[in-house]
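Following this line, the structures themselves.
In what follows, subunit A forms one complex with subunit B and a second complex with subunit C.
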Partner chain A sequence: MSDFSLNVREEGDIVIIETTGYLNNVGGEKVSEACYEKMDSGKKHFLLNLEKSKVVNSIGVSILIEIIEKLQDVDGKLGYYNLAPIVEKTFNIMGLTKYSTVYYSEAEGLEGMA
Partner chain B sequence: MSSKNSPRVELTLPIIPDMELAATKTAEVVAKHMNLTEDQSAEIGMAIIEATINAFEHSESDSENVEIHFIIQDDTLVIKVTDKGKGFDPSKVKSPNIEEKLGADRKRGWGLKLIQELMDTVEYESTPEGTTVTMTKKKKNLERR
Partner chain C sequence: MVEVSASDQLDYYLASLDELGEVLIDAEKPESVGKGILRLTLGTVMASKGAIFLYHRTKEKLSVLASQGLQERKPFSPPKKLIDQSGKHRHDHIKLDKIPPWITGELKKCITESAMKILVPLFHKDHMLGVLCVGKKFMDEVFTATDLKILEIIANHLTKALYNYELIQDVEEKQTQLNLKLLELETLFDISVAISSVLDMDKLGEEILWRSVGILNASRGMMLIPKENSPILEPVNKFNWEETSALISKRLSIFKKIEEEKIGIILTPNDKNTLQKKLGEDNIIIAPLQAKDNILGYMLLCNKETRHGVEAFNQTDLDLLSALCNQGAVALDNARLFKDITQAKQFNESILGSIATGVITLDPLGEIDSINQAGLGILKMNMAEIIGNHYMYLFEKDEEIIELIQRAEIKNATHSEINMSFLTVSEEAVVNVSAAPRIDPDGDVQGLVIAIEDITDVSKVKNTFKRYVSKQVVDELLDDDAKLNLGGEEREVTILFSDIRGFTSMSENMKPEKVVSTLNEYFSDMIDIVFKHNGTLDKIIGDELMIVYGAPISADDDTNRAVKTAVEMQEQITRLNKNRKKRKEAPIMVGIGINRGIVVSGNIGSRDMMDYTVIGDAVNLGARLCSAASPGEILVSPTVWKETKKQFSYKELEPIKVKGKKIKVGVYRIENVS
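Moving on, here comes the complex of A and B:
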């Protein structure tokens, strides 16, 4: 059973989602639900803090592609920070880094997305 | 290179959600024993997750198991992931790219590409009775003092 949780907060116009646990299909769905709920209220800039999600699988990451797709429709942006090296490598292989941005800290992410 | 006397670890995984994580824990221990780098260990873990998820999906019944064998052959770790599913033809699996996935209904289908990129070699042996994915990772020659 997946033990995945997330914490959502806002810094100005940017929604920060901090995840904990295995980013698989269950985790990915929880992240997308949180993003879509905020998008429904007009938010379109999202930063994921993946510090506590050091293990991912391609199904969970595929759901991030879906989020990127929906954000493209509203001229929104997705970014990440605190990625484990293997998670960043996975994002590179899957091409996510062409359409979303890896930052190395929350401060850098907030500045980059402002 | 004979695998007859090579140290090996064998796992039998039931098809239960997230059970692939049990294989990654074993991989960590084996990689540490072989003095592989942390990056190599993480790459092996990710490749095993993907191979095991594929094996779970190929298996036609939840009562089947997936077998994972870790074989230490000198400076190379050989990993075999075997399912008893209906098999598939890897040459017919199109390599995914994000440009095509954006806008497509199906965003999934990245497992084989990830395994290929993360491991040194990958081979598939697939019949209507099952599939074995054989992956290898060679120990890096770290500079000696």
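Moving on, here comes the complex of A and C:
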């Protein structure tokens, strides 16, 4: 596994960001850049597909927290799906799941955020 | 100027204090509190400019929490004497009409820029939390004693609020730290669970590497395992690492050090180690994957990430990585052992599955716990009928086999028997059986291994063949199937024919049973000699014998043995006739002809009646020579003479005319036959 990349698309009002690679400082910054760019254009609901990001470190988590804080200021939401068990566990322990939602599929995520 | 009554002034201050309560209760963040209180303060004392500066004790910086009429600025270092000097006014205020000399630097700039008039230090006990600055009053009015008192009251509330937020922030930071510790513990726990659940070495290695990288905030990492019979450390698992051409040897000083001291190592930019150059990385942490005293490999991680770049790993990181690696090494060792055992089991099973001998294992109670495919074939049963049964039940029809197994059980030694009837399968079945104790690594007997070799077919072949060829030839054929070609082929053989002269007329005067007993006695003696010289009894036609040397198995001395057979046959007939004379019986006189030549050999006949035989001109010539031989004579063809003239004494006779041949055939007679 190497190099972080992401794919951004929209499903109605919801922005879906699919990541590939290590969600660390570099990966987290790329995700936040993508989110803030979309927020500038008025988007408030974001779904992260982390299927291809099997490892997330605490720096990646702190960047996600920043995104959540910024979204809270505009009544926005962040959700995730296709989380590896280790990633879901990390999110739970680091308290992310109190302020954002884990879904088990894109369809569930789209329905939950609508 | 509008006159304001003392009562209105009091109401206004009370309303401000009431609002202050609401700000403190409702605001969620220090920023909101700061903004709310600053707005309220300035409104209460009728000032247009002001600021609340927050002091970060750990960073030793002042930052603007909230401001009005002040340009934005980054956190800055406070004047050196700020804490000491302002501490003297912790329950008071400082008038800034004349800026005290200890207020310097950026703070002084702020005060000057916004023409601040009052500074109220925000102290909680001995800790400075910040300062509140208030600009000039509306219309340059003078701050009244009540204004100043109300400022101090608000500042006290602000101090409490900030202190509470500091506490909350501290708790939140500690909670984050605890969460990280919990994550570390959970990771260690997960790896300990993996020890008992993940037995795939590659998957396990990947799991340990990924978790180590994630938990230590490393940017990338790899797991290095020593290559067998080589000093190279192979990166078997990599994370966030492109293909590296760097050849990493365990002879590098750093790995030698780890191996000697059995502890991990941290490399920082100051170290300038060879490994750092090879990998192009400054910040490296390495921990050995150590199971007992054996180093299975190394975990190597690079670059501890922070929000502001990378930094060197520290001792806490090394302790955590070592703990992860110790757990991981046990898991890897288990997985390696499991892999070895699985491979050994598969190896044993493939051997047992490929051999023709049936192998049955018995547990200490005598119950069957495994049987190979050959065993199932020999017993003609399926697995379910056999597994779990006691051997005495399985072999209940074969007492001899049960006794053999019991002897092995009692004496804890291998016992074998060959050619045992095997009624468990059928009356015709014949087996070789061996029973040996199963001994575990501690030397304890854990049951028995029974090997059953089905020799029913071999036995049948032997019984069938032994009528035609000697036991030695049968054994040779059974040992090497390649020698047995019964399908039909051209080959050079030596053919011996013998015939009792005048037997037809002799038998006319004999009772039938006497004819049979005479022939049996004669054939028995003759065939013994044939088999002694490994001849193949091709046919018995009346009183005639046809013997072949060189089929189905060829040898260099086929002809020599054929001639020896003939000579010994005549010698035996002489002895036989002496006995017959004693019994007052007429002598038997035999003529023998031998030829060597190319024949076609194979199974010849109909589908119902097929015999292995040889046919061809060479056979016919042998028969003609036999016909031409006088009683007691052995006649051979030129091919036979040529091969054996050095071993036997011959006399060349007149060539004879043979049916089917235009040219007469040379004939040689063996001399000095008794």
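Following the convention adopted for this analysis, the second predicted complex is superposed on the first by the 112 of 114 C-alpha atoms of A that agree within 3 Å, B and C clash if a C-alpha of one lies under 4 Å from a C-alpha of the other, contacts with A are read in each partner's own complex, and residues count from 1 in each chain.
Following the convention adopted for this analysis, a contact is a pair of C-beta atoms (placed from the backbone, for glycine too) under 8 Å apart; a residue touches a chain by one contact, two chains touch by 3 or more.
This one's a predicted model, so the numbers in the text were calculated from it and none came from an experiment.
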item	value
Partner touching more residues of subunit A, whether subunit B or subunit C	B
First, second, both or neither for A:22, with subunit B first and subunit C second	both
A:58 touches, of subunit B and subunit C: first, second, both or neither?	both
Touching partner for A:90 - first (subunit B), second (subunit C), both, neither	both
Partner chain in contact with A:9 - subunit B first, subunit C second, else both or neither	neither
Intersection of subunit A interface sets (partners subunit B, subunit C)	1-2, 22, 24, 55-59, 62-63, 86, 89-90, 93-95
Complex contacts: residues of subunit C adjacent to subunit A	175-176, 179-180, 182-183, 186, 190, 210-211, 213-220, 238-242, 305-307
Touch list for subunit A against partner subunit B, complex	1-2, 22, 24, 55-59, 61-63, 65-66, 68-69, 72, 84-86, 89-90, 93-96, 98-99
Subunit A - residues contacting subunit C, complex	1-3, 21-22, 24-26, 54-59, 62-63, 86, 89-90, 93-95
Contact footprint of subunit A on subunit B as seen in their complex	17-18, 20-21, 24, 39, 42-43, 45-46, 49-50, 53, 96-99, 101-103, 107-108, 110-111, 113-114, 117-118
